[in-house]
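Supplied in structure tokens, the structure appears directly below.
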Amino acid sequence: MSDALTLAQQGWPAAFPAVTLAHYLFVSAAMFTVGLIGFLTRRNLIIMFLCTELMFQAAGIALVAFGRYHLDFSGQTFVIFILTVAAAEAAMALALVVLLFRKRETLSADEWTEMKG
Amino acid sequence: MMLASLIIVPLAFALFIAVGPERSAARVSLVGMLATLGLSILAAFAFDWGFGGQFQFGMSVDWLPGLGLTLSLGVDSVALMLVLLTAVLGPVCVLASWTAITERVKTYYAWMMVLQAAMIGVFAARDLVFFYICFEFTLIPMFLLIALYGSTNRMRAATKFFLFTFTGSVVALAGLLYVAWHHAQTRGVWTFEIDALELAARTLPPHVQALILGALLLGFAVKVPLFPLHTWLPLAHTEAPTAGSVILAGVLLKLGTYAIYRFVLPFAPEAVIEYAYPLAVLCTIGIIYGGLVCWVQTDVKKLVAYSSVAHLGFCMLGMFALNHAGVTGSVLYMLNHGLSTGALFLLIGMMYERYHTRSMKEIGGLGARMPVWSTFLVFFVMASVGLPGLNGFVGEFLCLMGAFQASDAWGAGLWGTTPGDSTVGGTRGSLGPWVAAVAGTGMIIAAIYLLYMVGKVVFGTLREPPGHASHADHHAGDAHRAAGLPVDLTRREIGALAPIAALCVFLGVYPKPVLDAVQAPVERTVTTIAEARGKPKFRPPVELAPPAEHAAEGAHP
Amino acid sequence: MIDRIEFLWPEIALFVTTCVVMVLGLSRRIESRRMTALVTGLGLIIAGVLAARTTPIPGPRSGQVLLPELIPYAKVLIASVGSLLLLLQAGTVDRAEEAAIAAGQRPYDPLRTNRAEYYAFFLFSLTGLMLCASADDLIWLFLALELTSLPTYIMVAMSTGRARSREAGVKYFFLGALGAAVFLYGFALIYGGTGSTNLNAIHAHLAAHGLNLTALAGFILAFLGLCFKIAAVPMHFYAADVYQGAAPQVSAFLAFVPKAAGFISILLLTATIGWSYAADAQGPLYTPITQSAYDALEGAVSMGLPEPIRVFLWVIAALTMTVGNVLAILQKSVKRILAYSSIAHSGYMLVAVLAGPNNGTFSQSGLAAVLFYLLVYGVGNLGAFAVLACLEGRPDADGEPAEIEDVDDIRGLWKTRPLLAWVMTLSCLGLMGLPPLLGFFGKLPLFTSGLAAGEIVLVVILGLNSAVAAYYYLRLIKASLIDPPSDADLPATPTPFATRTLAGVLSAAGVVVLAFVGGGLMDRSERAARYTSMMAVAPPPPPRKTPYVPGDDTPFPLPIPIGAR
Amino acid sequence: MLHQALHLLPTLAAAPPAHADSGAAATPGGQLLMLVPALCVLAALFSALSGPLKIRSKIPGYFSVACLAGAFVAVLLTYLGHESGVKIAHGFEWITFKWGDGPGQALTGNFAFYVDSLTLLWMLFVTGLGALIALYSVEYMADDVGLGYARYFFAFNIFVLSMSCLVMADNLLLLFLGWEGVGLCSYLLIGYFYKKPVAVAAAKKAFIVNRIGDLGLVLGLLATFVAFGTLGYDPLFAMIRAGVDAKGAPIADSWVTDVIPLLLMAGAFGKSAQVFFYVWLPDAMEGPTPVSALIHAATMVTAGVFLIARMYPLYAADDDHMALSLVAWCGAITALWSATIGMSIFDIKRVMGYSTISQLGYMFAGLGLLAPTGAAFHTLTHAFFKATLFLAVGAVMHGFGGQLDLRRLSGVARMRGFGIVGLAMLVGSLNLSGVPGTAGFFSKDMILAQGFSTPASMIEAPQAIAWVLLLTAGLTAYYTFRAFFRVFTGPVEYLPGDDEHLLEHGRHPKGTTLAEWHKQHGHGHGHDHAHTELTGVAARRAHGRKDFDPTTEEFDPHPPGWAINASLVICALLAIAAAALYFVKTPHAEEGGWVGGMIERSSAAFHSPHEFNLLGITSHSAMYLVSALVGLTGIAVAAFLHAPKGWQGLFLGSRDTAATSRADALTPRLGRVARWARAKWYVDELYDWFLVKPLRGIAYVSSWIDKLLVDGLVDAAGALPARVGRVLRPSQSGVLHGYAAGMAGGVALVLLLVLIVLN
């Protein structure tokens, strides 16, 4: 079955605690937060987009972890679709970025503040 | 069909006007208004006044059955009389606008007809939502009439009028719908038929009724307008075109009083009984304060506008007296105020058309210049002051009488013959002689401000605005002729005023038919109140009917 | 699985049309290119007809079991409003290019024209929207939502040649991605909390085991993410800028399509949670539904959502309508006014979401109110945007016509374009909710259902907000119907696309006419809002599987019984 | 016509004795009286129509005279046919409706007449004098033929109509109709010269002050209804006679007999210008003189007296007669108070006005002193002699271009064409002074005598009241003859006034505005600065001539024509003849002659107690002597101070010019008292400072409150959304990161909120 289970059966030292759902969820949450913070702090549009990808994948990790926890395949299936959508979004993002770059010759998000109020 | 045609005919004429040529708009409109008037008179003849308390000419068409909404119509004598008032003021308003409106004429008259239909719809509605629809829909024509044809500050006035009344009535809608929901909950069927809702509303516990009262009053008291929700009125009146003011004072304010009569009293009787005193205090403040504010106005129209605040204070005072005399008086007051104040606005409009000012600082002593106009003005001022023999008195006296009678203190303490033994003329209630006495000072104040106005405008030395052509020349009035108007009133203008004057005299000298006619509906209202008085304050909540069984049974026949 | 195709024919039809359009739009012949819009319309009509012919069968076959009759109503609604929107889209892209080609200045170059892509995106988005309505799985829902949104990002960016459109595109895309991440994370948590992505299974799980913290957090995050789609607080920031930057016809599209997707998704999710919880439930967050038979649920009285979700939606609703309205008051740009008003309208609809279903009674069913209001809002809003789409200013140096932007720009329409003035007036009155127009009948069930759910304060807030909204709608009415024409040097001229005017006129007529003959629509929306709990037919919740680590019975307490203190 | 009726009196007096006052139910009848309002309406309509019909002649006037005479005949015929008891002439149902069958469950305000002898007594002089004064007006108002004429006679006829309703009403509601109606006509007629700001202000004042009293009356009506469940006299009197209210509870010591009489009294005082309310009546003299004669002297102002007389059973039903005491005291104080003002002011018409107030005070004192007969008799005699006086003053005014200052007129009686006026004036003055043998003497005597004989147990300090009244009688005689001596006797000197008629036609003298002109000439009420130019030749103005140059031409006094003279003669004769009524023997009453009989047969009957037995002389006998003495003393003092040298001055006088007299030397010695009295005790100013100005101040404050506070709050509430919007607006910064931060923060906040809800 999964590697983790094999490893556990092989009797890892007690000092190395078992990796539980909580750990995966923590990683997922951390990734989501990192992505969010990156999105909020970086000005470069491409980096910002990468941050959203990070957030998407954070959800993916959570899904996979939950899927494993529930012994259910929907989670993994979901992740496949997320990857697909992420790819589509990436394509669009790059297209959009190119479009914007043509107009302003910059990738900074701060350049685009004409409309407000 | 009678009532449906009363709504459809003005709408149809509105359509005619909209598609017809600009030139004939006024004439078509006049014909339409007269047709409506004719129909309403026909309705008055067809109405069985002996059964004035019953809703006649009933008709009901399913409209949006999903909502439980029907287009159901019917009038009792009170409603019919208000319909008649509306129909009478209609042609008058058209005549008043004949020369005053020169731009976008079609739009003006078309909206006027639409407004007429909506107002009649309010009085004829027997379905809560249909009532509300008409009630709210009056806002748009009125908004446009003020915003398009008003004077300088018209946009602000129109917006304030719209938003103020709209805000209030949205809250009122919540209250009305709460009652409808209560009906649905207890009866298992959604309906907006007023009769059914009335019965349902009375099963509400007193504290809920109080909430309903609050919500409904917030909406309707704005329209009335009751102090302190009146501030839109002077502004709207001053800025509105003459016909707009006439309709506003004559009918639109009555929508508020009528709604209170039709919904607040029957829907929340216990709450009204409970809160009659504070409400009466508000009315009284309105009477005195409104009157005093009138007194220091320099704009004639504003003065008359504020006088509406004072006058309708009387009307509401009578209503909250919750006894026969009071409610009868209140209903009469609605009619009378519509006539006399409407006519005053007409007169001021005629003056404005000639002098382009309404400031008492600039004009005065017009008695010398416009004797016919002045005669009418004094006449309607007297009607407004409440001179017996003219229409205003009957309502005012009965309202005061109602307030005076309505005291639980009769038969106790100072007012008692023997303790615990009430007097024959007193009724239950919480108002009593002191309220009546304080409100009665409104009679004096009315005389003060109206005569102040007459003294300034009609009497005294002749003052005309600077630059007015006839200032130097005694026989001139060239400016008027240039505007197509003679110095004094034209036949058309007299034709607009004379019927109202005749009605004022008739209703003052022989109000008997009206008094008799409204007895049955008033009786119904007062009985509702009396039943509510008999109820214990605390009672177990109404049991919910199982929805399945009652759905069929509760369905409206 | 194959039996679900039966319910997906409209989507399939749209997809096929999309393929055709993509090819047709690239045709060398102008006649063929012109056919693009027509074919698009045809596809929409076919989809609509197919959707109308869909007979929902209660039971697991339809996939959609909680709201079994939602599909036909929602899809017909989407197809018909979509058709109106299509009328509005005429000439959005390639206008200058086609003119140049027609004038012989430039040869046809498929790389320079966008027609095919534009209409394809349009159809893709609508397909996604329809798929939302058919969704019975979180994965499906996610894909459908993304399919709805992704094309709109491009449509915004390409709708005009101005920098503003680009700005709108970038803001919309990036914030949209953020929002998508949020609801995706929410979906993940829902899955984690309930062990399934199937909505029916989730519902069954919740009914049996209650709402645990993970699932609750998941739902909250999912709702928050969906708030982006419906432009509700706190995800509303983008709306004004995006609507302003996009061409008015695209703004109209944005105001309806993502919002409809969002609301349908929210309805599905709330249906999954269920309203049959005691509103004042202490301790455990819900009282499981005890009736199991489908028939017995026919007249179930909703008691409200679980308290945290109720409070959450309550606050969101109140804030959304208030924020939308107060910001709209301050605007000078018509589009921004309409954008903020669109935010406010989302708030109104959330009230009805809170109120929940009530089978058999239109007046009391919040779901029906939401579904009906989508129509009301869609029609009214379309009219207002159509007026803007029908007008344009003088072309600038690039040949791009100036936008009709400010309220002042539509002054005096009554004199110059009376028809448009009336469209604007009626649409605004409709949106304002003034009786007897359609808007009023849209708002009325919001009121009644809210009251029936006991949300009196929220209903009063809704009422007062309607009054605030009246202010800025009146401004629009005033500008178009009352003010004299502006004498500025920017006279609004009509755009040469009759279908745009037609769209406006049709929606304005709808605002009036549907108010009088809309009874059937109300019935339909009521039927569409019939809510069934799947307790009896859904499979029993799966038994607890082997724990993650043998020997460690509960490494992570899940599900957490929230009520246990 | 009236004197014909008087001939019939003895036969009538022999009519069957009355016992109707003992509570027999009213019977239908007296329908003839319906003719009175009908004729009035006819005349009013005709007059009103004559304006638009452009009738520019005296026809409306004559028509009115004919109609009013017809009305008088109708009343007279009814009177002749009236034996005793009460008849009710039903017209139509006015404010009548019922909501139940029990007592107090119906409001009956019919247009119906309650015909008893009190009604008839009043109606006789109302319609009689009405016709007479209409005749006078035909000539007096001749300059205004046309619209003004129409207006005048319309209001005049409406006045008689209203007064008839007031007097003949069979219920208090209809009385109130008349009550307010006469107020309206009073307003219209005082303000007849509507271009004169003074007249307009006076008219307004009259109406408003009356309204204050009317509020009391309305409340009284309502209280009556509450207690008795009806406003109709017939059921009301039945209950009161039985001493119970509608519940059957005794009323003698209850609020009913305390509160209702006081409220009605407030109304009566307002209409009849008593105590606090009197201020409007002097100003009302701005109206045309016939109006002052009819409305502000003879009829309307006696409405208050009538009201109390009509409701006398209720007043008398009180066990301690609290209200009556108050009425008596108020009457007496008013009588004295206004007499002091009458002594000091120079405007003869206003002197007559104050004298009217004073005499009304007498009437109220009479009512209060339990002498309703005396009060009614005084009302009747006063109606005639005061009308005479006013008509005479009016003739002078008419002749001298509106001159009213007694220092600018002298020897008028000796001028050509003014003889009748002088004689009439003398007749009136003698009556007013209470010279023995005159009608005024007898009527005043009845009140005074009753004052001295009413026991103190029934009324508070009646003797004190009587002394006050006696003092007033002396002062009355003084000021009456002061005016008479100065204006009608002595050397022929005059200065024409600023005639209203000129103003009415819009001819401003020398293009100055009226206000400026008034300032220059010091005319108007309250202007009593010394007129230094009196002896010099001042600008004189002709009456009714357009081409008149005031600097070159002489002013011609304009002697009265036949109509004025005829009415004067008739009025004076009636004033004299009224004395005869005192001696008419009637089986119905022991004293008071014909009037006594009328009162005794009516609801106002009250068997006044006599407790005066000084040396076995009855109070009446004593009073004849005392009051004759007092009256003659007053005349003598007047003669001493104001009479011209020679026989006219009874050899006491010293005056030889229009302007000066012995009083001029005396006045400064009185110091402030004289000055203050001449300034009318500054009552108007006091009212202005303590009532009008504060009220207007409150009105201004209210207006500001309305603008700033009430409307301000509304506007603030209206501006609230925009305000909130401005606070929120920075969140829409247009920066992508700002939006993202907002979204992220929102998510965080929401999660926090949910956590809070969970815990």
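Per-chain numbering from 1; labels A, B, C and D assigned in written order.
In this text, a residue touches a chain if its C-beta (ideal position, glycine included) is under 8 Å from a C-beta of that chain, and two chains touch if they have at least 3 such contacts.
Computed from a predicted structure; not experimentally measured.
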Chain closest to the assembly centre - both centres taken as Cα means: B
Reference chain B; chain at largest CA-centroid distance: A
Highest C-beta pair count, chain pair: B-D
Chain A and chain C, separation of their C-alpha mean positions in angstrom: 27
Separation of chain B from chain C, taking each centre as the mean of its C-alpha atoms, in whole Å: 43
Length of the line joining the C-alpha centres of chain A and chain D, rounded to whole Å: 99
Where chain A and chain B are represented by their mean Cα positions, the distance between them in whole Å: 67
Per-residue overlap in chain D, given as positions that touch at least 2 other chains: 729, 732, 734, 736, 740, 744
Residues of chain B touching at least two other chains: 163
Residue list for chain A, restricted to those that touch at least two other chains: 36, 39, 109, 112-117
Pairs of chains in contact (touch as defined earlier), listed by label: A-C, A-D, B-C, B-D, C-D
Chain A residues within the chain D interface of the complex: 36, 39-40, 43, 109-110, 112-117
Residues on chain C engaged by chain A in the complex (per definition of touch): 138-139, 142-143, 146, 150, 153-154, 157, 163-164, 166-171, 173-174, 177-178, 180-181, 184-185, 187-189, 191-192, 195-198, 240-241, 244-245, 330-331, 336, 542, 545-546, 548-550, 552, 555-556, 558
Partner chain C, residues of chain A touching it in the complex: 8, 18, 20-22, 25, 28, 32, 35-36, 39, 45, 48-49, 52, 55-56, 58-60, 62-63, 65-72, 74-75, 77-78, 81-82, 85, 88-89, 92-93, 95-96, 99-100, 103-104, 109, 112-117
Residue numbers on chain D that touch chain C, as the complex places them: 721-722, 724-726, 728-729, 731-732, 734, 736, 738-740, 742-747, 749-751, 753-754, 757-758
Chain C contact footprint on chain B (complex, rising order): 62-68, 129, 132-134, 136-137, 139-140, 143-144, 147-148, 155, 159, 162-163, 166-167, 170-171, 173-174, 177-178, 180-181, 184-185, 190, 547-548
